[in-house]
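Before anything else, here is the set of structures, which you'll find just below.
Next come two complexes, and both contain chain A; in the first it sits with chain B, in the second with chain C.
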Partner chain A sequence: MLRSVVGGAALIALLIFSLGTALVVGLQGRGLGVLNSADWSAIKFTLWQASLSASLSIAMAIPVARALARQSFPGRQALITLLGAPFILPVIVGVLGLLAVFGRAGWISAALDWAGFAKLSVYGAPGVILAHVFFNLPLVTRLLLQAWMAIPAERFRVAESLSAAPWAYFRLIEGPMLRSTVPGAFLLVFLLCLTSFVVALAVGGGPRGTTIELAIYQAFRLDFDLGKAASLALVQFLICGTVSLLAFLVPLPQTNGLGLDRVLQRLDGWRHRLWDGFWISIAAAFLVLPLGAVLFRGLRHLLELPPQILAASVTSLTIAIISTALCLAMALSLSLAFARRGALARSLAEATGILGLASSPLVVGTGLFVLIFPYAQPMAFALPITASVNAMMALPFALRVLMPAVQETYGDYLHLRMSLGMGRWIWAKRILGPRLRRPIGFSAGLAAALSMGDLGVIALFADPDLQTLPLMLYRLMGAYRMDQAAATAVVLVVQSLFLFWMFDRGGRRHAAFG
Partner chain B sequence: MKVTSLFAGLFLASAAVAETPVLTVYTYDSFVSDWGPGPAVESAFEAKCGCDLQMIGAGDGAALLSRLRLEGSRTEADIVLGLDTNLTAAAAETDLFSPISLSANYAVPGGWSDTYFAPFDWGYFAFVHNTDLTAPTNFRALAASDLKIVIQDPRSSTPGLGLLLWIKTAYGDEAADIWADLSDNIVTVTAGWSEAYGMFLEGEADLVLSYTTSPAYHLIAEEDSSKTFALFDEGHYMQIEVAGKLATTDQNALADQFLKFMVSDDFQSIIPTTNWMFPAVTPKNGLPDGFPQALSAEQSLILSPEQAAAQRSAALDEWQSALSQ
Partner chain C sequence: MLHLDRLAVQQGGFSLRADFKIAAGDRVAVIGPSGGGKSSLLNAIAGFLAPRVGQVLWNGQPMPDHPGERPLSILFQDHNLFPHLTVLDNVAIGLRPDMRLLVSQKAQALAALDQVGLSDKATAYPRDLSGGQQGRAGLARVLLRQRPLLLLDEPFAALGPALKDEMLEITRQIVQQAGVTTLMVTHDPQDAMSFAEYAILVADGHADAPAPIGPLFHEPPVALQAYLGRRAP
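Take a look at the complex of A and B:
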């Protein structure tokens, strides 16, 4: 009973936060008539770049995932682990790294310039798409790799013994798997790119690379046109909502990445090895070089860190910990309340997850600003607002991890509890606790790392003397103090990874049956 | 616990400062940077006011106004320093500013009179480049060239807004065409002046929108004569930077004292070699050697605050739609 009340309360809080703020925004909006041609361009650009980013990420992820699925080489496991890193990497750090490699002052431009060619120009659409592929290629690769590894190895052996041609492999074994995985992966990446903000802010290069999310920010912070911000937010909500409805029809692939250590042994020729080697090297270089560039530069200039780093770290850590606690509280109460209700629970988890993915942080932020403004200075609530929005953004991922674990525990042990007449506390302490420890640790780590790296709502609400680490990093980049920005990136990455590691570790250490 | 003592330390520190009155000045980022006028202005004013002058950088000039609108009457600012005459009409309309009475022997071209704002420096917008570049002599030539430029966003930056009105004033109805032709020359549009100038110095563009006085910084402060500005035959749009007092200030007398200090020799003599602009009141010792001359009246373009406010919205739409194609 209590469980249902708490779970229901969590659900209502979530609905108020996502749909409620969207409603406020919708009432505040002055319709689509206030949108000028530049706003429509931003809407078109958002849809175009999201389609292209998703297509490119998938087109590249297919050969990379296939190469990883059928080759075994030293460092393979490390590379697969590394593929998980961009997901918890602060976006602004990734952007800084991409600029170090692909920017006009970057390595590739330097080489091109030396060889007498024109330098690269990443600002605008190329930069936005490049960054989106950087963040989503690893995600899609992991999703596809899971699907590949789920194909029973026997099928490949049978195909081999029948001397199947490569085309037959694809048509009979890999094609059907891709047909069932790719649409979901496409929609997931498409959704993530629709709500992209930091990338467009940093490398959009002005009106030609403005996403809806960035246009909301600009209408809000630069024009102080709340009505227009709300109209844009409404458009954003409608687009995300439509895509989410589509996603409801096409199940999104699961995003947890445990396991993946079986290598498919296949007797492919040297041509395949060469081809696979090519894709693995490309993917590895694309991932490692930008990060390496930032971390290397940052480590060399670590002593030049500005003194504000301490306050910014405290702010970021405080927000991360509060938002992790909020996120876990919501995910746990939702899971416990609905885990035993079978199909309903599953679709509820799915719906909540999609709601979280579809809500744009800036829409929620705009809604909250509109709600608070008549009564108080919204800037004063920057910290709690950021923490709650971050918690909501991490909720879909935490639910994905927690809900199945709760369901499994109830499925396996509920009859035992019944037959033994086990009390509530014994059940929680002896059965539920140990089994949930590990997924709790993992989702806490995820929520903390995502919050550490967030630069969305805080950009709307921040005043000059309040900054989180990502905001400080962005401001240093703005002042073109790239050495200090890189050093800040090191601090940020270390703190994010540390939080992730600490929570995840804490979950594993005492997990009796982990 | 270390964290507790840290918080205790912060609390005690702020409690100690609270005894002296605090004057809060919102300004643009480069004004308060280590190499800008901020540090010298702060120590000069604090030496005579018995107060704590807190200058807060809130983005570039135009972002200052948006920030005030966001904060409304709950703002903590007593003074805003760094708007320009292209924004003063819009700023006055917010009813957030208080009338001031201040007189000085202004050296601002065209003289000065305004109810709410007082000037602290002025200059001419110009594209700055390295001397080894053969620079274009007007916007059409620039647009036709392959040269790469960095400009600022007119919604957040006063130079960005200045460029918008510069082209509008020089080309009128053809301004949209100029922007359409310029769009392939633009590497990126930055939020503020500091970012754009930093990118130019790192070699990310051939020219950057700045001021005719910017090369003097390299010449005087760095003894580097490799930078100059492109003289455009359309003339150069002028900027007059101003400060105003918030109506909601709780430090009325201190704010008046600051504005008086702003037009005094102590403040004005700091400006040329820190903000690299023409001072609003010529300092006793004149301008430093190597500082450029003012342009002639024919070469100077400027709209009145009312004209600028009337043009802004349409010019902004033109700019946005030309660059978003």
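Take a look at the complex of A and C:
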């Protein structure tokens, strides 16, 4: 009973936050008539870059995942772990790293310049797509790798024993797997690229590189045109809503991050090894070089950190911890309330989770601004608003981890509990608690790291005196103080990873089995 | 005495009817094709499925609604042990589900472990036990609970033949000694013969009354013939 009430309350809070703010935005907006040609091209660009980024990520992830699935080499496990890093890496740090390699002052440009060619320019469309592929290629690779590993080894052996030619092999085994995984993966990346804001903020802009999110931000911060921001936000909400409806119909692949340690035994010739080696090197370099570049530079200039770093760290940590607590409270109450009910209730709860994925932080932020503005100075609420929006953004991922764990525990042990007459409290404390410890720790780590690295709503609301670490990093980049920016990036990455590690480890301790 | 009084239960689109009595201390095998309703029968007796019609009586009294208050223990096919609790705790929750053990109760739990030959595994975790030992730990809990009725939902199905025979023999000794009425779901006619005195055939949503197992297998009715094929023992 209590569980249903709390779960229902979480659901309603979530609906108000996502759909409610969108409704407010819709009412505030002045319709689509106020959108000028620049706005329409932003809409077109948004859809185009998301499609292209998703397609490129998947096209590259397929050979990389296949290579990782069938080759065993020293460092393979480390590389797979590293593939998980971009997901919790602050986006602004990734962008800084990409600029260090691909930017005008980056390594490749330096080499091109030395050889007498023109320097690279990644501002605008190329930069947006490059960054989106950087962040999503590893994600898709992990998803596909998981699907590859889930193919029973017997099927490979059957195919081997029939000495299937590569094409037959593909049609027998890999094709069906990809057919069932790729659509979901595409939609997921498409959605992430639609709602990604930091990438566009940092390297986008201009007539051929402005996304809707960036346009909302500009209408809001630069033009102070709330009505236009609201109209754009409405468009963004409609697009994301449509895509998430699609995503709801096509099952998204599961990302539990477990079970990636088995190498498929396959008898492959040296040609395969060469081809796989090529893709593994490409993926590894694409991941390691940008990160290495920014961390290396940051460490060298660590002593030049501006004194405000302390206040910014404390602000970021505070937001991250509040947002983690909020996210966990929502995810747990939703999981406990819905996991044991029928399929319909579960779909409802999951759909709500997807709402968090589809709601753009800027739409929610705009809506909250509109709501608060008549009564108070919205800037005064920058911290609580950022914490709650961050919690909502992390919620779908926390639900993905927690919901199955709750379901499994109840499914496996509910009858035993009933037949033993085990009371509610002892069940929660001695059975459910210990069984959920690991997934709780992992989702808390995710939520904390995601919040730590977020630069969405805070950019919309913050006054010059208030800054989080990502905001400070962005402002330093804007002032071309790249050494200090890199040093800030080091602090930010260390704090994010530390938070993730701390929560995740807290969940693993004493619960290393089961 | 267990009495299923014109019982009918429903699970989704599936329904099961049963109307029979089992005398105290009898060992009864529950056999029949998959999907015929064997597990539904056990779930109804255990109280996981509420009857649509009729009732389950024990010694003439209707059983309490809550499964934990019913005079029975149940062993499932798996998930009988919590992986994060020690063997001792797993056994002791049979006595004190709130896990607040008195010294005397702890001694009782240890004695039960001793009886199934697991006295040296009290502080181990289920992952450290073999399949047979996990089965024994489940039996230790049954012993400790001292309930007059035992339901076995194929708890040893995953074990090898020799080990399974051994577990069945231990179980038979325990229930015989304590006079526990036992219902055991099984797929194997051989197991049914060696363990039980009676058998209930469950097929097509109907549970027959228990019949002496020897004659039943000797001259099987049509439905049982269809199930056994040429494997009649």
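In the analysis below, the second predicted complex is superposed on the first by the 507 of 514 C-alpha atoms of A that agree within 3 Å, B and C clash if a C-alpha of one lies under 4 Å from a C-alpha of the other, contacts with A are read in each partner's own complex, and residues count from 1 in each chain.
Just so we're on the same page, a contact is a pair of C-beta atoms (placed from the backbone, for glycine too) under 8 Å apart; a residue touches a chain by one contact, two chains touch by 3 or more.
Bear in mind the structure is a predicted one, so any value in this text is a computation, not a measurement.
Novice: Does the superposition put A:431 against chain B (first), chain C (second), both, or neither?
Specialist: Once the two structures are laid over each other on A, A:431 reaches chain C alone.
Novice: Does chain A have more residues touched by chain B or by chain C?
Specialist: B
Novice: Could you say whether A:172 touches chain B, chain C, both of them, or neither, answering first, second, both or neither?
Specialist: Touch status of A:172: no partner.
Novice: Does the superposition put A:150 against chain B (first), chain C (second), both, or neither?
Specialist: The answer is neither, since A:150 touches no partner chain.
Novice: Regarding the shared-chain residue A:218, is it in contact with chain B (first), chain C (second), both, or neither?
Specialist: Once the two structures are laid over each other on A, A:218 reaches chain B alone.
Novice: Touch test for A:377: chain B only (first), chain C only (second), both, or neither?
Specialist: Touch status of A:377: first partner only.
Novice: On chain A, which stretch or stretches are contacted by chain B in one complex as well as by chain C in the other?
Specialist: In chain A, nothing is touched by chain B and also by chain C.
Novice: For the complex, which residues does chain A have touching chain B?
Specialist: It is residues 36-38, 41-42, 45, 103-105, 121, 123-124, 203, 205-208, 210, 218, 221-224, 314, 376-379, 463-465, 478-482 of chain A that touch chain B.
Novice: Can you tell me which positions in chain C touch chain A when the two form their complex?
Specialist: Residues 43, 46-48, 66-70, 72-74, 76, 79-80, 82-85, 93-94, 97-99, 125, 127.
Novice: Could you list, by residue number, the parts of chain B that touch chain A in their complex?
Specialist: Its residues touching chain A are 3, 6, 29, 33, 56-58, 62-63, 66-67, 69-71, 74, 148, 153, 155-156, 183, 186-192, 194-195, 197-199, 201-204, 317, 319-321, 323-325.
Novice: In the complex formed with chain C, which residues of chain A make contact?
Specialist: Going by the criterion above, the answer is residues 412-413, 415-416, 418-423, 426, 430-431, 434-435, 511, 513-514.
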